[in-house]
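Next, two complexes with chain A in common: one pairs it with chain B, the other with chain C.
Showing the complex of A and B:
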């Protein structure tokens, strides 16, 4: 049951009705039941695994709390986290490990293949984070199984995140009061914005991207470059769209999820980009992987720093799946970040000695960072071999160009969209970023909220109309596959 | 070393790590208030503090830090 389906609309309406009519002490159970029903609609077998993992994490956390010796706490935490990692590796990496594992499974149950259950990476990261936070005493052990189970399975977040931290969720969820009408409207507005990004922008860009990325040899350098830019914006609109929907859905039930994006394509350097892109994953990896690794490698100086960054960025890439392209995506970002981090002080010194360069840097920093990310995301979008082919055809080496394809050609019919649709998409992207920017500034939020009601609701209805008129073939959310 | 003595030395370490001679820290200063204070520079800061004060921290210590005040108190605990 996708967020984009009519069935989900009915499911949500029913869930809200039952949730709001239930007595407050029953609401967590209702929400938990609804979350499990949602998950079961995707994967009944996966629901059993979800329940089993939740129960294991619940007992392990209580066990960690029950130990008095530090070494015992450490051993139990390590065993708990390692077990969850094994589950992740078995399901997500079974293509790499498949020969022996699949052969064994084939002997036991012929015809059955191991397929990663939906949202596994998201809920396992929540579970691991919870255990580590209990060990580090950042969060109190949950005595209520319902609360913990709801945290891990909360249906708005289980398909595509964001990965909310346990402490943050329990703080907001505790006492689960009914959200007021203003919060409910904020949630609806966020869902509407998410749908607009997905249906109006991402799915339209997907048409062009599907053409350029499926057969690069048909396209010129300029067309492939345009395809690469469009993929970066499609990914952004698609992923931030599903995040908006998830945050909005959470707000309808009184739970505010963490933000995942903060104008990432305006980042001034690579490390800043990763503080603004998929923030819930990168901050998770920073806290639970990079920090312990960097601390244990700190005696190695610069080499230790570079190694910790590379391992962390490889983990970012491989979190998406066990493919060489994701590994390359992580490694490329790791190299970009190492170079950026190690040269930052020197670059700052250069710019400080030439103040006139500071204004140039304000523009070049985001521009260079954006292009580095567009390059890296080519490896995210296709297989490793295709990515090299794609990059090779963008770079104007006459030897690798296909005969008969002019390097500077720009054929809209071949790209699959009209120039007017493309212009409308550009306008849509500018509007999207203006809304992102405005929503971060209290004065612009206040201006919008103080506008007459008919203006605001007129905009909402106009957005709904544009979404309905834009619906063609809906493409699944890119991040629902992870 | 008293907590009052720790503060000027800690500020000097912050200024050096964040490459900002004008940086002013108080107990309530957090990563949000200092440009470029992210997970990467955080450990660089921790290593610089360990070196400056001759102390050693664990991951658990570092995860518990919410602001400069927490850092100062942690150093005071270790120096004693």
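Showing the complex of A and C:
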């Protein structure tokens, strides 16, 4: 059951009705049942795995709490996290392990193939984070199985994140029992915005991107460059759209999820980009992978720092799946990050000695960073071989690479989109970023909220109409596959 | 504490009232859209139902089957008052249920022509890319899906939901154009070519009957076919035959022509199993079976594509079928 389906609308309405009619102390249980029902609609077999993992994590955490010996706690935490990693590897990397693993499985259960359950990467990271937080005593052990199970399976977040930290979730747990009606309205607004991003912008850009990325040899350098830009914006609108929907859904039930994006394409350098893009994953990896690794490699100095960055960024890439393209995406970002980190002090020094360059830096920084990310995301969008072909055809090398295709051609019919649609999409992107920017500033939020009701409602109705008329074929969320 | 609770409750009530007020225009718009859809938007299913209801007292020949029969048997060229109730992707289970639904309303029915093809025993509508059609059967004929998961679909209850958003976008643009030109507005132009006897005359274009074109159709069909449906579909087929024979209604099983490129690529095992089943059935129930799978005289002008007849092909084929049926 996709967030975009009419069935989900009915499921949600029914869930809200039951949730709000239930006594407050029963609401977590109701929401847990609803979360499992939602997950079962995707994967009944996966639900059993989810329950098993939750139960294992619950018992492991209780066991850790009950021990005083540090060595025993360490051993059990390590075993727990390693087991979860094994589950992740078995399901995610089964294509790589396929020969021996599938052969073994084929002997035991013929005809069965291992398919990664939906949202596995998200909920396993939540579970691992919880175990590590319990071990590091950052979060109290949950005595209630319901609260832990709800944290891991919370339905707005299980398909595409964001990856909320255990402490943050449990701190807001009381909100479930006494949801704030003002937050409810904010949630609805957020869901509407998420749908608009997904349906009006991302799915329209997807048409152009599908054309350029499926057969780059048919397109000119200019068209491929446009395709690469459009993919970056499609990915952003799609992923931030599903995050908005997830956060909005959480707010309807009284739980605020973490933000995942903060105007990433305005980042002034690569480090800043990764602090603004998929923030819940990068901060998770930063806390549980990068910082421990950095501490253990600190004796190696600059080399240790570079190694920790590279490993961290490779993990960011491979979290999406075990493909060479994702590994390349991680490695490219790792190299960008290392160069950026190691040259930051020198660059700052240069700009301090030439203050007149500061305004140039203010404008060129985001532009350069954006283009670096557009380049890296080509590796995210297609297989490794296709990515090299794609990049090779963008670079204006001689006609050998572009036989029969003029390098500077821009054919809208071939791209599958009209120039007017493209112009409307550009306007949509500007509006989207303006809303993002405005929502971060209290004065603009207040201005909007103080506008007459007919203006606000008129905008909401217009948005709903535009969304409905923009719906084409259902394109699933890009990040739902991870 | 007490006063803060009161304030909170008051705020919650106000939010709820505003939310309801906000939703009122949306629900009104949806209700209007439902009314408009019921009144103005016709589909091949509604046209067939209305046409059959209008002719119910006279119909003596009924054709059922999938799209090959829908486009390939021009009912008005058969003797008597024949009606084509076949439909795109209409599988044997839906033939069975549709027949049971209409049989009591056709007092003069003397003959039923059932189309048999390579998919007949190995395909059911509820799975695959054509499953959306089952909701039209629910809305028009009251034939509900058999699987529980399909009962939860919003298309079970809403006519608006039967169509895609693309349909409404196109309909809106068409309505604006019609208004500007002063011409009548037809929301769904694809139903123009269905006649009052339920036959869809496909426009006559010179069809591409190449092996590559056939391979595309075959691949799509093979992806829909499952051996596991065979027993159930045979039961539906024999169930139809039993019910019809009990009422002394003549039953004719017919395989319609396909292009040579298509027939050569058909799954041999499935097709030979179908032929064996036809042999058993014709003996057991005493019914006739005509297999016109390959008709050498039919060329590119007789076909719309590799496995569907064009309007011209359908008229020619129906006349051949009529002469076979009239033979003693």
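FYI, the second predicted complex is superposed on the first by the 478 of 482 C-alpha atoms of A that agree within 3 Å, B and C clash if a C-alpha of one lies under 4 Å from a C-alpha of the other, contacts with A are read in each partner's own complex, and residues count from 1 in each chain.
Here is the rule we go by: a residue touches a chain if its C-beta (ideal position, glycine included) is under 8 Å from a C-beta of that chain, and two chains touch if they have at least 3 such contacts.
This one's a predicted model, so the numbers in the text were calculated from it and none came from an experiment.
By the document's definition of touching, of the two partners only chain C reaches A:471; chain B does not. Within the superposed three-chain model, A:185 lies in touch with chain C and out of touch with chain B [touch as defined at top].
In the superposed model, A:457 lies in contact with chain C only, and not with chain B. With both structures placed on the common chain, the touch criterion links A:295 to chain B but leaves chain C unconnected.
Residue contacts after overlaying the shared chain place A:7 against chain C, while chain B stays out of touching range. When the shared chain is aligned, chain B comes close enough to touch A:138, but chain C does not. Of the two partner chains, chain B is the only one that A:345 touches; chain C does not reach it.
Within chain A, not a single residue is touched by chain B in the first complex and by chain C in the second. Here chain A touches chain C in the complex through residues 6-7, 9-10, 181-182, 184-185, 188, 457, 460-461, 464, 468-473, going by the rule given at the top.
Considering their complex, residues 19, 36, 38-40, 42-44, 46-47, 57-60, 62-64 of chain B touch chain A. On the chain C side of its complex with chain A, the touching residues are 8, 11-12, 14-16, 19, 22, 25-26, 152-154, 161, 164-166, 168-169, 172. On chain A, the positions that touch chain B within their shared complex are 136-138, 271, 275, 283, 286-287, 290-292, 294-295, 298, 305, 308-309, 341, 344-345, 348.
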